[in-house]
Amino acid sequence: MSDLNVLRSPLNFLRSSLQDIPLHDVLEAEEGWWKNEGVAISDAIDRAGTPWLRMFDRHGKRVDEILYPHEYQTILRRGYRSGVVWRALEEKSLIPTYLLMYTISFHDPGVCCPYTVSLGTAVPLAKYGSAELRARFLPQLSRKDDSVWQGATWMTEIKGGSDLGAAVETISRSAGDCWLLTGDKYFASNANAELAVVAARPEGAAPGVRGLALFLVPRHRKNGELNYLIRRLKDKIATRSVPTGEVELKGSEGYLLGSADAGIYLILEVLNLSRVANSIVSVALAQRAMADALSYAEHRAAFGKPILDHPLLHHQFENRLNTLRSAFALAWESVQLLNDVWMERPPYSDRYHLFRLIAHLAKYWTAEFAVDTAKWAMEVHGGLGVLAEYGAQRWLREAMILAIWEGTSHRQILDGLEVMERKRAHKLLFQRLAEFAPTKELQAMESEVEQHLMLPPEKREALAEPLFKKLALFTAETLSRR
Amino acid sequence: MSDLNVLRSPLNFLRSSLQDIPLHDVLEAEEGWWKNEGVAISDAIDRAGTPWLRMFDRHGKRVDEILYPHEYQTILRRGYRSGVVWRALEEKSLIPTYLLMYTISFHDPGVCCPYTVSLGTAVPLAKYGSAELRARFLPQLSRKDDSVWQGATWMTEIKGGSDLGAAVETISRSAGDCWLLTGDKYFASNANAELAVVAARPEGAAPGVRGLALFLVPRHRKNGELNYLIRRLKDKIATRSVPTGEVELKGSEGYLLGSADAGIYLILEVLNLSRVANSIVSVALAQRAMADALSYAEHRAAFGKPILDHPLLHHQFENRLNTLRSAFALAWESVQLLNDVWMERPPYSDRYHLFRLIAHLAKYWTAEFAVDTAKWAMEVHGGLGVLAEYGAQRWLREAMILAIWEGTSHRQILDGLEVMERKRAHKLLFQRLAEFAPTKELQAMESEVEQHLMLPPEKREALAEPLFKKLALFTAETLSRR
Amino acid sequence: MSDLNVLRSPLNFLRSSLQDIPLHDVLEAEEGWWKNEGVAISDAIDRAGTPWLRMFDRHGKRVDEILYPHEYQTILRRGYRSGVVWRALEEKSLIPTYLLMYTISFHDPGVCCPYTVSLGTAVPLAKYGSAELRARFLPQLSRKDDSVWQGATWMTEIKGGSDLGAAVETISRSAGDCWLLTGDKYFASNANAELAVVAARPEGAAPGVRGLALFLVPRHRKNGELNYLIRRLKDKIATRSVPTGEVELKGSEGYLLGSADAGIYLILEVLNLSRVANSIVSVALAQRAMADALSYAEHRAAFGKPILDHPLLHHQFENRLNTLRSAFALAWESVQLLNDVWMERPPYSDRYHLFRLIAHLAKYWTAEFAVDTAKWAMEVHGGLGVLAEYGAQRWLREAMILAIWEGTSHRQILDGLEVMERKRAHKLLFQRLAEFAPTKELQAMESEVEQHLMLPPEKREALAEPLFKKLALFTAETLSRR
Amino acid sequence: MSDLNVLRSPLNFLRSSLQDIPLHDVLEAEEGWWKNEGVAISDAIDRAGTPWLRMFDRHGKRVDEILYPHEYQTILRRGYRSGVVWRALEEKSLIPTYLLMYTISFHDPGVCCPYTVSLGTAVPLAKYGSAELRARFLPQLSRKDDSVWQGATWMTEIKGGSDLGAAVETISRSAGDCWLLTGDKYFASNANAELAVVAARPEGAAPGVRGLALFLVPRHRKNGELNYLIRRLKDKIATRSVPTGEVELKGSEGYLLGSADAGIYLILEVLNLSRVANSIVSVALAQRAMADALSYAEHRAAFGKPILDHPLLHHQFENRLNTLRSAFALAWESVQLLNDVWMERPPYSDRYHLFRLIAHLAKYWTAEFAVDTAKWAMEVHGGLGVLAEYGAQRWLREAMILAIWEGTSHRQILDGLEVMERKRAHKLLFQRLAEFAPTKELQAMESEVEQHLMLPPEKREALAEPLFKKLALFTAETLSRR
């Protein structure tokens, strides 16, 4: 059982998976705090359900204040202080961010969403913002104390998330030193952020994705009034640590990032950050579900011994730990590649395309694995698994959100297919894997992919799922063999 | 898309799967009512969450009354009137019961739990009860109007569900014309039933499962007082249509069914009824999740056409419909075999052992399929899939309960293995399948099973899952080929 | 105790208070249904809390559907069928309406709000609507079956309810055959009504109340789209049987009632209907709270006898029954006067001004009495009184809404003062009471009022409360002596 | 308006009412913390509703753990540290306790209940416990850090609270060095306390109140197991800061306090502490409701000016502030008298009987005033007053609990009557008041009381309420004139 012990601590798991861990002391402090205090707070927030939205104060002034359990701020601010955002900006590396996210999301997967969208606001601002914009807003997002501003990334509208070109109906109109945006965002994570990046179409711009632009929208107008309204908070099945709302923009002041006709690139770059985060959080969640199952199985007895000692269950634990390791290897590969390419601008390098393929494989497979593991962990708990009183059922709810956010499996598969077709990204992948994979297996996999890509389009798409799954597993296992 | 249309109606699906459907008009009326009225009621009950338990009336009298939405009774009583219980007793066939359950659970999977446990009370009473007991209680369970009594089957205690021999600590003491039972039941479905069958150990009986007996316990004592107390209702993630409680027996009056040293057989026979019900409900739930996904995918557009017309999603629908058909074939096989053997008493026939194997395969595989389908249907809904406001997330919650109730996968696999080892039930299975399966495949499957059974015990158990899954799929597909 | 028995039935109380009761059989049927079925439904609706608002259907279409417990419709439609609205229109009398309301609100005070606002929509339409408007909309509001339309009366905005002249910021713009209204209504009772009367200011109209007009606003536009949006439902402490929402009008189609510069009269006439309803419901609620307290006090024993037989409590019951009778006499006087004057148009008769004074006295005093009685009934229940599990606490929540809706005490007092100052309505009141009141007492009361009216304005207002309370009590007791 | 400003701060109000305030710095720190942090936490706890009770841990062990919002402990422990209990024990004065309670309950009335029952456990232990018991338990209750134990006072059973002689059915049986208690407590405040004082009847003791004894019952048995079970938590309308449960004693270990036949005196002495606390909290709550109303009325405008500047409302504020002062004077008199007599043992002095009369007058009148003020404050808020979103409605819910706990008005009136009849306590009262009251008024009041006491018993009780109310008001006003 000594092997299984690694499940109990995210930091121990990181240590056993990575050769060298920067920020070791910070992570250790983080894990200690969560064990002692954070876990109980996180449970209480989950039990409390969707928070209230106070739209008006007692004097009839629209305020759109979110009434969280008071201690929510304790959880939230801690991660910012530890550097989940400022380190990326200051140290020019995403490694600290994703290490922190792994450690934190083992304890609360939801809270990594605010961190991710804050990063997804800070990065395009730093990269594409004018000197004036950067001077005006970047310091607030980089603060190391509790006055830090939060960001948010609002793209999706009621008509859907994947087909942004058709679904975004928010319009922007140039108005002197700023733009005025009007439209409704339907899934607005971190709905009360001080600053958001928002996809909108400038009046007169081309239809489709090519006509989209990305704007920076502060919570307050220059005159101090609310710059956007929160119509309501979504009643989600999980991630209670992040308020997701419907946001109404009504002539809201916004500031253009980059050029007005290249917004789609900026949007996809933001998505890169969050898809990789999603993969990291998925693996951490799977580890957590396994850790809870382990502590249960050690103590629950049936037929004269702990259920952990029954061969079938014990075998499942060991098997699943192996899969956890390979899922992590895949997710971490996407982190490292992103860390190489996140400062690129179009036209992108080959390495960027390789990143994209790996990111799709990782988002797809880690989320599948998280859902399957959460389901299995509930079953290990038997009847207790379906009771609200115990934590087991929470991880499945959380995992389902990870499987859907940032693009469902369908989207990952189809976009992964596209980057192979158009950019031949699988070529780069197989080069990368050649070092660690048995030649025969590699060749077999490669030829299967090539054959698939030669299918007629309709069939190529229809049959893509089993191929993509096989490729994800192959890649994950190969990488974990390093 | 003509094929997919069958997903919209449980009766149409039954029609397309079975050659001949008794009770056609009753089922049609049932489906019509649910479409028009029942669905909205079921949704409201699910939204309302766990009902309240009123322990005391205003005058301080303990009443243990469950405060349901008033209309819950409308749903519940309807199924009893339609014959989900009385037909089994009167027509000596379980076919009508399980046809009704399929139709009803497409609309509300939870309400089939009260029906199943009522059946699980009536059947052992009819089969093993003394003439006096039958005369006293059977008519109430067989009523065709709203005064019908409900039953309940209470076995599980806090120490666990599978290892009844060790976990049941409820004691019974003979007391003249009845027994007095004392103990706590931890998962007591249908907690306010008028009559329950309860596992208990007579004072002085052998330890382990051999010392268990089965008792009939009415809600009220002969003197009119409450005969058992409901400590609380469980806050489950789903099946809100059935109140599951913790029940306290304190010198509760009970009546022995069968002999005091053969209770375990009666208990397992009750379990047969509910495992088969679980399989039927699982398939119906999968159909429902697919039906909802279908109506969504038809109307949601992306990239210029309904998402249903995108090749990947369309292919998944067709593929999954095939799996639905084979899952139903497997579940229905368990129904038919049970209908052959449900009146047997120990020692049982070979057919009974074949039934047991099929029932384990069906419980295992249909629940796996239901969970996977519910997850997939949520993903089809994209972001809406995780919002409480929409129905998609409900089916996964419901499905998880089906995967855990009546024994998790682990239990089905291990018990299935046992009936193959001890009773050679796989021999009978392969004989049964020979008619429909290609000889080569059949032989390959058979030899794989035989080899597995020759493994050393520890390994045999550790590696059982992939074999059992393969056998379940093979059996399901073969049966659907009929 | 024979006297106290009258508390148990609203119809018996009406019988003991009024000489002649039209509609006797209808009321009897109503009371029977509520006792047998309605009460349990009403309790369930109260327990269920604020209903959900489904803003979008699964296909992204804004629908603003309110997700009530299914059986809510059972309660709601029943009163319409019995004639709470159509009888007023058909029989040209409000007596049936308010008799029905008394009977119904004994069992569920909230549901009388939809009835009142439906009446408050139908009456101005019938009285002031053009022939075309009446032909188009009146039949739907008068239907005797479940397809009946509901009305709603939306005046209040975020800035407040009493000072309509300053608070109404909704603007209307003439647009051919209709007007287009834009603005937000903050307390919109019956938020999903098919038809509402809405206060708005035509563009360019005078400021203050003189510039207000009243419009008819249907739920759907002529093209079938939603004509108004429900921003959210209010989470109120009671009256869960009526959905109160925040409504957004955005170029909503409306139809002018009466002339554009006389809207304030129409608004006040609508308010007459609801203030009188509020008085009737308040008395019925007080009776209900007493009936519950009675049934509790009969069964609860302390110090060797039922607490009802303890002299202090018994005396309180008898005393309070007397006050209930006088409160009813006052409320019923407002019904009868309204029934005389409801078809008047400005300039109004003296009788109309007498009605106004009586209506203010009744609204004020009956609500005070309802709150005080509900509080006392909780105390009779002892500790059970503060438990959510028991009904006692509900009546105080409901009563507090009655004390605030349609103008708090402050408003009633100040408006009552005004109608005495400006219209000398107290003169008419004392004439009316002369028949029943001892001359000396009447003269003393009259002189006290006259002296008060001669105080300097600031002092007159500051000290108005005790005078108004005394006048209300005096009037109520005098009328009950008839 | 300068006068009204005193409403905003409990400490300022204390300063303006008392000549000399010990503990000034502690109170100032307390008030500061609550303003900055505590208020938001208290609001969140109220919104969160009744906490969950986790009966079993994941391993099936009964734990009866109450799942509070994590930050609840922050609020709770703070008051203990500041000395709400330890100061009484150490400084031999109740003044610091009740000053702290006034300051704290202005911000959260509920949390003073745990403090009161902890005091009500510590005091009888200190006064009546054996040296061994005191050595064993008193240090834990007196700790000045967060490891302090909490106490609880459990008397009431399902049959009622006032008639303890008939209602207490809990039995105690001597068992060597302890007693074993068996019975159910129906309103068990602070249900998870480490130590409770519990009323029970020793086997064979006399019936009625004379046979009751008081026991100390720890949460854990000597062997570490739970010593009592929590059957469930009550779903109360307010005081969410205290978990009130139903407690089951099943052979629970208890330790006798005082002698077995004098328990009723100990019970009533405990009640003295809580009735005085109830009075103090009631006045603080009334001040809070007024403070909230004030801040609303300053900012809300109607008819061209803040509603606070309208003469009627302004007059009500001033009037009510006067009543607040006199209510406080009455409550504080009960504090001071209790502080004189709390160490007395039977037979008691005259001063003790005077205290009892004052305590009944104060409990009665301050709770009435709190309810009336909370209702009025809701009305000042207009429509916002009935919305869950705003705080106004909370104070009425809290006040209703104060009006019912520790004996409703009926109980205070009847017990107050008794102490006048039997102990002539009114004589002492009038002596006490003679100094401050105009002689004529005093004589009139005195003679009214004397006449009332000469009424025949039935009538004396039936008509007691108006007399008692008049006496309470007279006493309060006289004392405030000092």
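The letters A, B, C and D name the chains in turn, as written, and every chain counts its residues from 1.
Following the convention adopted for this analysis, a residue touches a chain if its C-beta (ideal position, glycine included) is under 8 Å from a C-beta of that chain, and two chains touch if they have at least 3 such contacts.
Here the structure is a predicted model, which is why all the values come from computation and not from measurement.
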item	value
Degree value of the rotation bringing chain A onto chain D, based on Cα positions, nearest 5	180
Whole-Å gap separating chain B and chain D, where each centre is the average of the chain's CA atoms	52
Intercentroid distance (Cα basis), chain B paired with chain A, Å	38
Of all residues in chain C, the ones touching two or more other chains	60, 159-160, 300, 389
Pairwise touch network: line, ring, star, complete, or other	complete
Interface residues, chain D side, partner chain B - complex	55-56, 60, 158-160, 231-232, 246
Interfacial residue positions of chain C with respect to chain D in the complex	50, 156, 159-163, 166-167, 186-187, 234-238, 300-304, 310-316, 371, 375, 378-379, 382-383, 385-389, 393, 396, 400-401, 403-405, 408-410, 413-414, 458-459, 461-465
List of chain A residues in touch with chain D within their complex	37, 40-41, 43-44, 47-48, 52, 54, 58-60, 67-71, 295-296, 299-300, 381, 384, 389-390
